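This is the structure, below, for whatever I ask next.
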Amino acid sequence: MSDTLAPAPDQPKAAGRSALRSLNFTPRFWVSIVLIVLVALFAFVGDMLYPYGSNQRVGSLFDEPTPQHILGTDNFGYDVVALLMASTRNSLYNGLLAGTIATFLGVFIGILAGYIGGWFEEFLMGVTNIVLAIPAIVVLILISVSIQGTNLQFLKGIIGMSLVIGFTSWPWTARSVRAQASSVATREHIDVAKLSGARTFGILLRDVLPYLASYVVMAWVLQVASAILAESTLSMLGLGPSGTASLGVELHWALAFNAVANRAWWAFLPPTAVLTIISFALLYLQSSLDEVFNPRLRRGKKKNLAKAAERRAEAARRLAAEIEAEVAP
Amino acid sequence: MTETAPAPAGAAAAPVVLAADHVTKQFRVAGGKLTAVDDVSVEFREGQVLAVVGESGSGKSTLARMLLRLLPVTSGAVLYRGRDITRIKGADLRRYWHDVQAVFQDPFASFNQFFTVGHMLRRSLQTADLGGETAEQRIERCLGYVGLKPEDAVYKYPHQLSGGQRQRVMITRALLVDPKVLVADEATSMLDASLRVSVLNVLQDLRRDLGLTVLFITHDIGQACYFADQVVVMEHGQVVEHGPTDDVIFNPQHSYTKRLLADVPNLKGSLKSQRLG
Amino acid sequence: MSEKILMRATNVTAVYAGEEGADVPAVDNVTLEVPEGEILGLAGESGCGKSTLGNALAMIANPPLYVLGGQMEIDGQSIGLTTLGKSANARHRPYRGQVVSMLPQGAMNAISPTLRIRRLVCDVVHAHHKDMPRSEILDRASDRLDMLGMPKRVLDQYAHQLSGGMKQRMVTVISTLLDPHLLIADEPTSALDVSSQKQLIEMLLAMVEAKIMRGVIFITHDLPVLSMVTDRLAIMYAGKIVETGRTEDLVHQARHPYTSALLAAVLDPTEATRTKHVLGIPGAPPNLGHPPTGCRFHPRCAFVKPRCSAAEPAFRDEDGHLVACWWAEANPGVTVPVEVNLA
């Protein structure tokens, strides 16, 4: 019999479909992806096409925009567009590295705490809460300052900045992953895995993590966005990586040289705009992922919905006609 | 209440496989402790079907999870063939799970939805002694016990199976390692009546053909009546009655058992006519 | 026997929007009546469409469920059940809760844990009568509790302070506070212990006796519960009703092989259960996207004949006991031999 795949109309939401088919890429998702791709193209491909380099002095203090230098020059006489490309690239590197570190740590600690439970969970969450309670910006400032005083060159650059941000911003991810992991840990399939002889590490990797996957992706996107913003904040305060460009460093120098008072808008507006676009795109992506992963928020393609409604109305008409035909004689 | 009921003839000879010895479980809850299982001692004899019957909150599932070593005991001991296994760990515990297996209530939540049935079954065999069979042969043999063929199940994801098939696959999984004891924790309560009897029949056949000891946890005294040899009745974490099925169901001694039996709905007639008459 | 009919629903058809465009019919041209003052049981395996039918009749169908057609006559009013068209929701709203009230499956677990029960009572009534003063609502609720012999202090408690049985009885009382003509209860007893089941059943019977509602449709797969509480039964299979009649007739003189198989699978704690060996129904319920031809039960039926797959049997009326089956047609008045279900 071919009816083994009997659907149960009393429970129409088939809870598990093969992963990819169940994803629902919405217009919101595509808008944010396009924005992110444009920013990435600007940062990574732009400088191959743009005639000026970011460390090439082409003018003097705050030269106004000209056809050759459409956004003028900054306080040191560098081309703002070239600088912007390098800064965006560095800010993206920073966001990816710091966001990945923070997500990895948060997921690791959260999943361990949530799955194992007991005193281990209380210990890990205690640590997490302490880290959360310390004002992050203060810690960031202190670590940044002390890093600038070391002799390790790579720590002074963008990588050092990313490590600092990554290692301080995992707690909230840990907290929310813990809550999710402990609810997955009560599912019967975990008991089944244990009885099948699976080891704790295997269970975490294969029976807990896949259930959190969509959540982890969303957390990662948010972590990337907030890492980029955190770096900009620090750099703008003058605590950023020395000797490298970043969006925050650009803003720092623009402020230091009174770009606002000098009405040199080209020195501070472009980095602000790029920062806004990046964080908007990432936050928008994050909220659209909710729809991508959650079948209940699914909207369906308008055309198909209209077609289905048409078909249903036709079926209803046919039905009414049949009933009438039966009643008539 | 201890072993007051005489063991049925013939069963007395069967050795005790699994036993709970003064087992207690307390949970910490807001504002105190909740005793879910209170000083319970039960013995399971080889080749028998023993039903643990109780309403929600009676502690029957907690007891099962402690016997399965999925939940630590607060006090007392779990004995397997006379050996204290209350605190074994690691490889010892995995070896215990070769002998004692389980099927759970929810035929959907028991599956990892990201794996195919075949993947899930092979995972169970990783640490098993196959005794000359290949993994595929073992899987085919065990699927056969529950009336399934490999092509019905192995390449499918759990959502592609019906509820009854899912529960049969779960029984297959439990049987793969050649267990001596099968714990069925409300394994039939989410199934439709006709599927339920076919799953119960499968368990009955396994007991007959493989000599499996079955520990059947249920809230439904009717199912216990259908195929249990012994019935244990639990209330508020304690065993209130224990004995051969015929004695417990047709001649109950404890007031709780009597009330339970009186409240079970049956096909005999409507309450309405009783109310009016 | 001529009884007054409270509710008569005709030609109800409902579909689920399918994954790949095609709709799956879950209720297929069903006709159903509830006589005044009676409880009708709706039974069948999961996926047979009984809950879907309940939702269609209660006019609470939401996408992906669409009601394509059907007419309900209740208390002199005629209501089109279809949910197609923009005005359907507005058209159905005045009937919900007051003419037909639904007690959905799992309602007792949906009570907000942070609000007292009295608040829930007010919210539910205010959804239908915006202006009714709170004091009047609460007076009414406590009178109702008094009448049914339930403690009034429940109103001041939170959900977690109540047992499962008490919560279920409470949501039942709340959903009937506006004296609906018809109450539709979906699996109200399934999550309860037997003692709570019995209390709920007794309360429902008392409510019908007191004419709080004039009829009940009780949906469950649990035949013993239905046989205790209902006056009539309707058995559904694959989106269609296959047999309906007075409860004692169906239970003791089943005319449809499916009904008989369901009854045989009932395991109650009796001597007979101890000795019988039930076979269960072979196969699985059909895929409703492609139901079998003719009688939908024929691939699993022990009495199958060639014509069962060729044509759909019509209802045969035997003194109010309706059955749609070719075997029943050929053997008028004969109870399905139960032995076919036993080994």
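First chain written, first letter: the chains are A, B and C, and each begins at residue 1.
In the analysis below, a residue touches a chain if its C-beta (ideal position, glycine included) is under 8 Å from a C-beta of that chain, and two chains touch if they have at least 3 such contacts.
Because the structure is predicted, anything quoted here is derived from the model rather than measured.
Chemist: How short can a path of touching chains from chain A to chain C be, counted in steps?
Modeler: So the least number of steps between the two chains is 1.
Chemist: Using the touch rule from the top, work out which pair, A-B or B-C, shares more C-beta pairs.
Modeler: B-C
Chemist: Between chain A and chain C, what distance separates the C-alpha centroids? Give it in angstrom.
Modeler: Result: the chain centres lie 48 Å from each other.
Chemist: Approximately how many whole Å separate the CA-defined centres of chain A and chain B?
Modeler: Taking the mean C-alpha position of each chain, the two centres sit 46 Å apart.
Chemist: Just the number, please: Cα centre separation of chain B and chain C in whole Å.
Modeler: 32
Chemist: Could you list the positions in chain B whose residues touch two or more of the other chains?
Modeler: 162-163, 165
Chemist: Residue numbers in chain A touching 2 or more other chains?
Modeler: Counting only residues that touch two or more other chains, chain A contributes 4-6, 8.
Chemist: Give me the residues of chain C that touch two or more other chains.
Modeler: 46, 284-285, in rising order.
Chemist: In their shared complex, at which residues does chain C touch chain A?
Modeler: Counting only chain C, the residues touching chain A are 11, 13, 15-17, 21, 23-24, 26, 29, 46-52, 64-66, 68-69, 82, 84, 239, 283-290, 292, 299.
Chemist: In their shared complex, at which residues does chain B touch chain A?
Modeler: 65, 68, 70, 94, 97-98, 101-102, 104-106, 108-115, 120, 123-124, 126-128, 152, 157-163, 165, 170, 173-174
Chemist: Give every residue of chain C touching chain B within the complex, in rising order.
Modeler: 39, 45-46, 164, 193-195, 197-198, 201-202, 205, 209, 221-225, 227-231, 247-248, 251, 261-263, 265-271, 273-274, 277-281, 284-285
Chemist: Which residues of chain A touch chain B in their complex?
Modeler: It is residues 4-6, 8, 14-19, 187-189, 191-198, 206-207, 210 of chain A that touch chain B.
Chemist: Would you tell me which residues of chain A are touching chain C in their complex?
Modeler: 1-12, 304, 307-309, 311-313, 315-316, 319-320, 323
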